[in-house]
Each structure stands twice: as structure tokens, then as C-alpha cells.
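Next come two complexes, and both contain subunit A; in the first it sits with subunit B, in the second with subunit C.
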Partner chain A sequence: MPKRSNEPLLWSLFSAGGVVAAFLIPVHLFLFGVAFPLGWLPDPGYQRLLALVRHPLTRIYLFVLCSLPLFHWAHRFRYTLYDGLQIKHLNELIFTFCYGGAMAGTAAAGYLLWTIR
Partner chain B sequence: MNETPAYTEFHPRWYRPRVSTYWWLWRWPYLKFIIRELSSLSVVSFVVMALLQLSALRRGPQAYAEFQELVKHPFLIALAAVSLFFVVFHAITWFNLTPSAMPVRVKGKRLPDFLVAAPNYVVWLVLSGAVAWVVLGG
Partner chain C sequence: MADTIALEVTRYCPERDAEPSFQTFEAPLRKDWVVLDALNYIKDKVDGSLSFRWSCRMGICGSCGMMVNGEPKLTCATFLSNYAPGPIRVQPLQYFPVVRDLVIEMTDFLNKLKAVKPWIVRREEKPLSAGEYLQTPEQMDAYKQYSMCINCMLCYAACPVYGLEKHFKGPAVLALAQRYNKDSRDQGAGERTDLLSQEDGIWDCTFVGECTKVCPKNVDPAGAIQQYKLTATIEWFQSLLMPWGAK
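The block that comes next holds the complex of A and B.
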């Protein structure tokens, strides 16, 4: 039996992350990155956000919002380094950095969302 | 003709011109490709900020107030604005891929591309509205 490639799994994660990033990140980025800091819209504030994050559905939502886009990034960034900068010889290092980063971010999101009280 | 012919192994030299590291800079489709790929950096910077925000929320009102002050820094606002541009670029290129990934046929005829891509934009609007509605307090 030839060794199976893990590319299909990684590509599915990339694709799912691409969907989540496309549909959901723009509105989050607009609200929390631009509109609230500049005072264009009233900032919901600590109490309201904490109440929202305490809800189990919000926790699952935020976990997906943080995790899948990281795997999307890992795939794209990896191939941008391969093709754009042509540094194929650093293959393994790049792979470890990208997917290791995505897994570390996923773990951090899981820990934070699990322990917020 | 008594000389034995000398054979050399057939080993053609490959014609491989060196490609510049900046090959993508000079043509719009290539540049568009690299911009689209680099949008992933904006995705990661968004996630990092989101994790910092969650961590501040978790540590309590004092930490969260500090986070709110932090994101008012002009550098972070600029970063968010630039990231927003890249992420919207990602979203548009992603949605417009649908007709290529999933050609829809009605009665044997292929639907025009914009009709296949259009529902994505409707869903995008509805989801963005829903998120804003929930965050802003209904």
C-alpha cells in the first residue's frame, strides 16, 4: 500500500476555512476593528459581550470562526511561500510553521472559550 | 570506416530559464493571484486580535478596558482597515469561484456565471446583518 497523502484532509480544512473567512470575517473586522474603535457605532462593552460569549452556541460559533480560517491561512501561506518566493527547499520547516501555528491557535481558542466564565 | 562510433548517453540539457522571485509583479492576473493568497495574512491577524480580545474578556473588566484602549491605536485601526480590504478581496474572489467549482445546469443549459455566484452575495449580506444585529444588541 502506498502511503496515503494527507492533502485531501488539509485541502478540505482550507476550503471550509475559506468559506468561513469569506462570509463572516469582514463583518467582524468592520465592527471590532474599525467601527467600534472609531466610535462610528456604540461599542457593546464588557458586560454584553461576556453575556454573549457565555452562551454555548456563541462559544461553538467563535471556535469555528477562529479555528477553520487558521487552517485556511496555513494552506495559502504555505503555497505562497513555495510559489511566490520559490523556497521549496524549506518545505518541512514551512509546513511545521503553518500547520503548527494553526493547531496552536485552535488550542488557544478552545482553551479560552472553555474557561471563560 | 573502421572507427567504432562513440556513444554518449542521451542527456539533453534542460532549458529552464531562471524565474525571478518577483515574477508575479508585472502582470495583473499574477498580481491578483498573489494579493488573493496574501489575504490569508489578514485572516491570521484577525484571528490573533480575536484571541487577544477573548483573553481580555476572560481576565475581567479591567483587562477588557485596556484592550478597548489598545485597539484605538492608529496603527491597529489602520491594520484593521487594510485587513478589511484584503478579506473583502478574498470574499469576492471566493464567491466568484462558485460557477467554476459548481456549474449549474438547468434543462441541459449552463446557467450564466453571475446567477450561480449571486446567492453567495445574498447569504453574505444576511449573515453580516445577523452578526451585526446580535453584537449590537438586537
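The block that comes next holds the complex of A and C.
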């Protein structure tokens, strides 16, 4: 039997990250980048937001919000390097850099969200 | 409107020429003429040695695909007047080896096509006396769009991934595999999985989408490939979680 690819795992992270990045990040940009600073919506203030972040569900949500788009980036950037710069022969390096970067970002997000008090 | 238009046509005879060159011909610029009519005019009246493939002249046979001003086109459906005052540059479909002039070598495509079993696969054929395999209009709609493919290979000439990865199965082959996978009469999806789920099956595709854009029959190979990526991903997770399950 020919070797099955592990791409499905990477692609599903890529797709999930794309959905998160396309649907959720614009909401955050709108709220924190436009609506609160311009006073369109009442500013919740630092203390209330911190209380919100302390809730475990918010932490899980923010973890997903940080992690999945990183894997989306990793996949997209890997293929951009392959096809755009045509350096597929550096596959191991590119692979490690892209998905390693996403994993490092995920670990950093996890650490910060875990330790916030 | 001027009464003639210039065509810069690729001339190449691999046994004789070191590399392809262009030769310019003048052809009548008639309102009802397509690029293929101009090529036939040149072959009949000016230079009988010009080589190109064509057959039906009506967008059914898929033989006359060429690059027209850098875009993959069926030359039988590409009107000269759209390119007036010219010149029009006519080249063989890109990313394929050239046999001569505008004729490309398509063995690679045909081998890949055959490999995905583009026919209805049955575990057991019904005897003729048992009658037809019936299908509802909804079941037919599931695959009909893909069955419109005429194997013209414009999607290969449009696909930058195929240009880089010669092993990539490519848009039409993957769309035709889906055409049979989605057919309620077919039972061959399992036999096609191993081939389609490889790196050079669906996973080389980066969803550029040019294949769908250039298709003269409005097939959506890019969509077919994305659909199959989802199918393959679900199967991958299933075989991971339930390795004992039958493929």
C-alpha cells in the first residue's frame, strides 16, 4: 500500500485556523481596535476584562484564538516558500521553522494564559 | 476594423530546432472567425507545415487547447475580433512537452487519468436481466458538473502547481475521480483513495483556483479537490481513531 500522507492533520489545523482567523479575529479587531477606542460601545475597562480572562472558558477560547491561526499561517507560509520561492529542497528546514514556530507560539500563549492571575 | 490580423505562432521542430521561435502570419479578420479558423487558413493557404490538433470546432472534443496571448483557451471558441487589432500570440499549452509547433505531448495526463479509474467500478456487476442502475435527479446532480470535462487540459496549463510538480495528478484527473466517487452507481471510491490521498494526489494543490477559472465547460476542479481534502481528512482521523476499521 502506498504511504498515506500526514497532510490531513496539518490541513485540518490549517482549515480550522482559517475559519477562526476569518470569523473571530475581525470581531476582536472591531471591538478593541475601533468600537471601544471610538466610544461606539462602552469601554469594559481593564479590571472587568481581567476578570473575564480569569474564567477558564475565556482562557480556552483565547488559547484556541491564538493557536489555530498560527497553524494556519505555518501551512500557508510553508507552501508560499515551496512554490513562491521554489525552495522545496529545504523542506526539513521550512517544515521545522513553520510548524515549530506555530508550536512555540502555541506554547507561549498557553503559558501566558495559564499564569495570568 | 482592419481586414487582417497578425498571428505570432510558435514554430518548433525538436529534431531540427534548438528552441521554439515565433513566425508571424496574416489572416483575414472576419467577425465570425475564431483563432482555430485563422490557423486552418494559414495551414491551407500559407504554410502547410504548421502543426496543431483540432477536430470538432465546437467545444466538445477538447483537442484545440492552446495558449492565446498567454492564457489557456480552446481556440475554437476564441474569437479573433476580441483581440483586434492584434497581434495574437498563439503558443502550445504550457507545462507540457512539445511534439511539434502547437502540438503537445499528453501521455503524462493520460497515464494519470487512467490511474484513478475514471469509470464506474462495481464490486459485482448486475446481470443484464436485472435492468438498469437507477438514479434520482438529486443523485445525478451530485456529479453531473464534473462529467462535463472534455479532457482539454486547459486546467493543467493554468495550474502553477502542475508547472512546478510534474508528479501532481492535476485538476482534471482529480475532478474526474470525484465525478465517479460521487456517482451513486460507483463503488470504487475505496480503490481511488490511496492514489488521491497521496502528496501528489490532492495534497499538492494549494487552491490557486485558476483551473476553475479557465475551464471552458464550467467544471470546478478546485472545488472537487477541496471537497476531497475534507473527505480524506475525515478518513485519516477515522483510521487514526479506529485503526481496526475497514478501509
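By definition in this document, the second predicted complex is superposed on the first by the 97 of 117 C-alpha atoms of A that agree within 3 Å, B and C clash if a C-alpha of one lies under 4 Å from a C-alpha of the other, contacts with A are read in each partner's own complex, and residues count from 1 in each chain.
In this section, a contact is a pair of C-beta atoms (placed from the backbone, for glycine too) under 8 Å apart; a residue touches a chain by one contact, two chains touch by 3 or more.
Note that this is a predicted model, so its numbers are computed, not measured.
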If we overlay the two complexes on their shared chain A, which of subunit B and subunit C does A:Trp40 touch? Say first, second, both or neither. neither
Per the contact definition in the header, classify A:Trp114: touching subunit B only (first), subunit C only (second), both, or neither. neither
Identify which of subunit B and subunit C touches the larger number of residues of subunit A. B
Tell me which partner A:Ser12 touches in the superposition: subunit B (first), subunit C (second), both or neither. second
Would you check which partner chain A:Ile25 touches, where first means subunit B only, second means subunit C only, and both and neither mean what they say? first
Contacts of A:Gln86 with subunit B and subunit C, given as first, second, both or neither: both
Once the two structures are fitted together, what part of subunit A is touched by subunit B and by subunit C alike? 79, 86
The residues of subunit C that touch subunit A in their complex are 160-161, 164, 194-195, 197-199, 203, 206, 229, 232-233, 235-237
Across the complex, what residues on subunit B touch subunit A? 19, 21, 24, 34, 37-41, 43-44, 46-51, 53-55, 57-58, 61, 64-65, 68, 71-72, 76-77, 79-81, 83-84, 87-88, 90-91, 94-95, 120, 123-124, 127-128, 131-132, 134-137
List the residues on subunit A that touch subunit B in their complex, please. 17-19, 21-34, 36-38, 41-44, 46, 48-50, 52-53, 62, 65-66, 69-70, 72-73, 76-77, 79-80, 84-86, 101, 105, 108-109, 112-113, 115-117
Please output the residues of subunit A touching subunit C within their complex, sorted ascending. 1-5, 7-9, 11-12, 79, 83, 86
